[in-house]
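There are two complexes below, and they share chain A, which is joined by chain B in the first and by chain C in the second.
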Partner chain A sequence: MEKNKYNYLVNKYTPKENRLTNGVISFLIGGSMGVVGELLRRLWSNILDIPLKDTGTYMIITLIFIGCLFTALGFFDNIVNFAKAGLIVPITGFAHSMQSAALEYRNEGLVTGLGANIFKLSGTVILYGVVSAYVFGLIRLLLFGG
Partner chain B sequence: MTFKYKNVYINETGTVVGPYEKEGPLVNYFDKSYNDFYFNKKTFEQAESKLIEDSVDIVLDKLDKTRFDIDLFISGDLLNQLMSSNYAASTLGIPYFGIYNACASSVEGLILASNMVEAGQIKNCICSVSSHNNTAEKQFRYPVEYGGPKPKTTTFTTTGSASAYLSYNKEGIKVESATIGVVKDLGIKDAYQMGAVMAPAAAYTIYKHLKDTKREVSYYDLILTGDLGSIGKKILTEYMQTEYNIELKNYDDTATMIYDLENQDVYSGGSGPACAPLVTYGYIFSLMKKKKLKRVLLVATGSLHSVSSVNQKLTIPSIAHAISLEVVE
Partner chain C sequence: MIYLNAFIFAGLVCLIGQIILDNTKLTPGHVTTMFVVIGAFLDIFSIYDKIVKWAGGGALVPITSFGHLLIHGALVKAKKYGFVGLMMGMFDLTSSGIIAAIIISFFLSLIFKPKS
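Showing the complex of A and B:
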């Protein structure tokens, strides 16, 4: 059988992914994450008695901590698997990818295992995050003067 | 390439499984099961090695033999450089062949052992294979605790090990004939679609086996592929019909038997070198011993990709080996 014919046969039996359902779930959970983030900001603002605009970092650190803790406790992967982009796109996804890699490779040594592999999934995000920040920053500077 | 055997028998088998397989429908047919993924070892890789050692120990116990009575140990798994097989072989101290044909390793081992037993070069042999869900995830996919979504075509690597003891003593299950497969590549690149990758190899091996032995599909009470998954099974059935004009009757796939696909979260079924022999040695052999099945063709299929080959966007080659098993009359 020719490759394109076989490809057609395979596609016939490949089930469709529920993109709409997945999208709606991600939208709702991602939106809820925004609400949680805002609540955390107000919480820290009240507890530490600092202006609301300075609480962004505290909120991010809290979410990273929760993402890492839940990953280490072993049930965050099931939640992410359900929520998909709703938890992968926010900072929790970044924390989850680093924490899961760290757990996986910790028994291969602190340098050769954990150190070398902790950015296995998130390294791409950092690299292209920095590159795109540079490019868009430059565009903004040239077009709008900073 | 097909050959027949006169005097090779699988006398005894040993099967060990992990927690997911224990929750599956075939739990009563396995010799031993675990509730966790470590089995008191420090790493998943060492745990997989322990699975092999356990399954060999079970076989030796059943036969009332020691490891010094065994002429040859053949073992395969999915890990780089066959890590778990090598460490198990190191503990066992039996003359050893390590083999790799991915999930077709089980039948590859049985064929090699049968040939040497038939030729009288060895008196007996233990063939093992293992797979471990977490070591496979780590090597081929993402870290175990990472929860990225997967497509429905994915298969779930079985945790377990299966060992078989072969000799020329006429008891147990007869190894009647075997067909060595050819590597097929029909242009599928998706490593999450292994059923589609392997179906053409399985189809060719079944076709070639039937042609070489001049048999019809109906000669066998059951043709068993391992492990195409629920989607690969449908693809194979149609491909077999259109390409070779053979209607697959009495056909099943081990990937769809080892788990409860409705209630367990295993996507399109099981995979891994251990899946096919676990189902065969556990469940199918018990049916054969009750004479409910007399002739079974086991076709183990392997997807021969690596992380590098997938990252280089190469198409995935696949292989399938067949072995014909019969009840001793």
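Showing the complex of A and C:
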């Protein structure tokens, strides 16, 4: 009985997050990030006078720089609290995970802290990205010949 | 028109991520990892290439493009060198992003102090 009552009380006072609002917000913010990405591509294409196809790299570096800078300045977390997955899923989330690990472990020394832990959060993306790309690439190579 | 496509695709990917975050106990790390694997998977049948053509920058911004670029670079080299080429070309297209993230976060972490 006590346990049921406890669970009931916990459920009652746990702040309820509105899933619908979260979804709408992350759709809008994520979509805006996509539009920003496309705009940046065109911008770099105009500035550097290179074909649109090759500007993806410049756009990604720009977004990574913005994500890292905002994290280092300390207000990226506040924006993520509002924007949720809208900023975690785009490449800014990758930059954020690397930058926040770097900042957090910086105090423990340059080698044992920063060097050993910079990939602590973002390493999973690289590891599983590489492993899956290798396996799927192998499948494609065997099925379609590249 | 491509801006609308970019908005729809990037928005949908983020929406799916948010739905997973809200309804399961998975962390953002799980979600981004899952999306990278999905991005690589979609390239077995060149599906992601078509999405990039359709949505432009909107398809390059979500983390799914990371998996797409990994397998894409690997396959380009694999055409020339076979199975070893998969390893040679893996980072060809993504190295700029990874290296930019490493260098920028290294120097920024030297400059800034974490806010506690």
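Worth a mention:
Keep in mind that, in the parts below, the second predicted complex is superposed on the first by the 129 of 146 C-alpha atoms of A that agree within 3 Å, B and C clash if a C-alpha of one lies under 4 Å from a C-alpha of the other, contacts with A are read in each partner's own complex, and residues count from 1 in each chain.
As a working rule, a residue touches a chain if its C-beta (ideal position, glycine included) is under 8 Å from a C-beta of that chain, and two chains touch if they have at least 3 such contacts.
Computed from a prediction, not measured in an experiment: that's the story for all the values here.
When both complexes are overlaid on chain A, the residue A:V10 reaches chain B alone and has no touch with chain C. In the superposed model, A:A116 makes contact with neither chain B nor chain C.
In the superposed model, A:G56 makes contact with chain C only, not with chain B. In the superposition on chain A, A:F136 contacts chain C only, with no contact to chain B.
Of the two partner chains, chain C is the only one touched by A:I126; chain B is not. Legend: residue contacts after superposition of the two complexes on their common chain; A:K84 is shown touching both chain B and chain C. In the overlay built on the shared chain, the residue A:V35 is in contact with chain C alone; chain B does not reach it. With both complexes superposed, C is the one of chain B and chain C in contact with more chain A residues.
Residue contacts after overlaying the shared chain place A:G74 against chain B and chain C alike.
Chain A residues 17, 22, 71-72, 74, 84, 88, 97, 99, 103-104, 107, 121 lie at the interface with chain B in one structure and with chain C in the other.
The touching residues of chain A, when paired with chain B in their complex, are 1, 3, 6-7, 9-10, 13-15, 17, 22, 71-72, 74, 76-81, 84, 88, 96-97, 99-101, 103-105, 107, 120-121. Within the complex, the chain C residues that touch chain A are 2-3, 6-15, 17-19, 21-23, 28-29, 31-33, 35-37, 40-41, 43-44, 55-63, 65-67, 70-71, 74-75, 78-79, 82-83, 86-87, 90, 93-94, 96-98, 100-102, 104-106, 108-115. In the complex of the two chains, the chain A residues touching chain C come out as 17, 19, 22-23, 26-41, 56-57, 59-61, 63-65, 68-69, 71-74, 84-86, 88-91, 93-95, 97-99, 102-104, 106-107, 114, 118, 121-122, 124-126, 128-130, 132-134, 136-141, 143, 146.
Here chain B touches chain A in the complex through residues 42-43, 138, 142-153, 186-188, 193, 196, 200, 231, 234-235, 238-239, 242-243, going by the rule given at the top.
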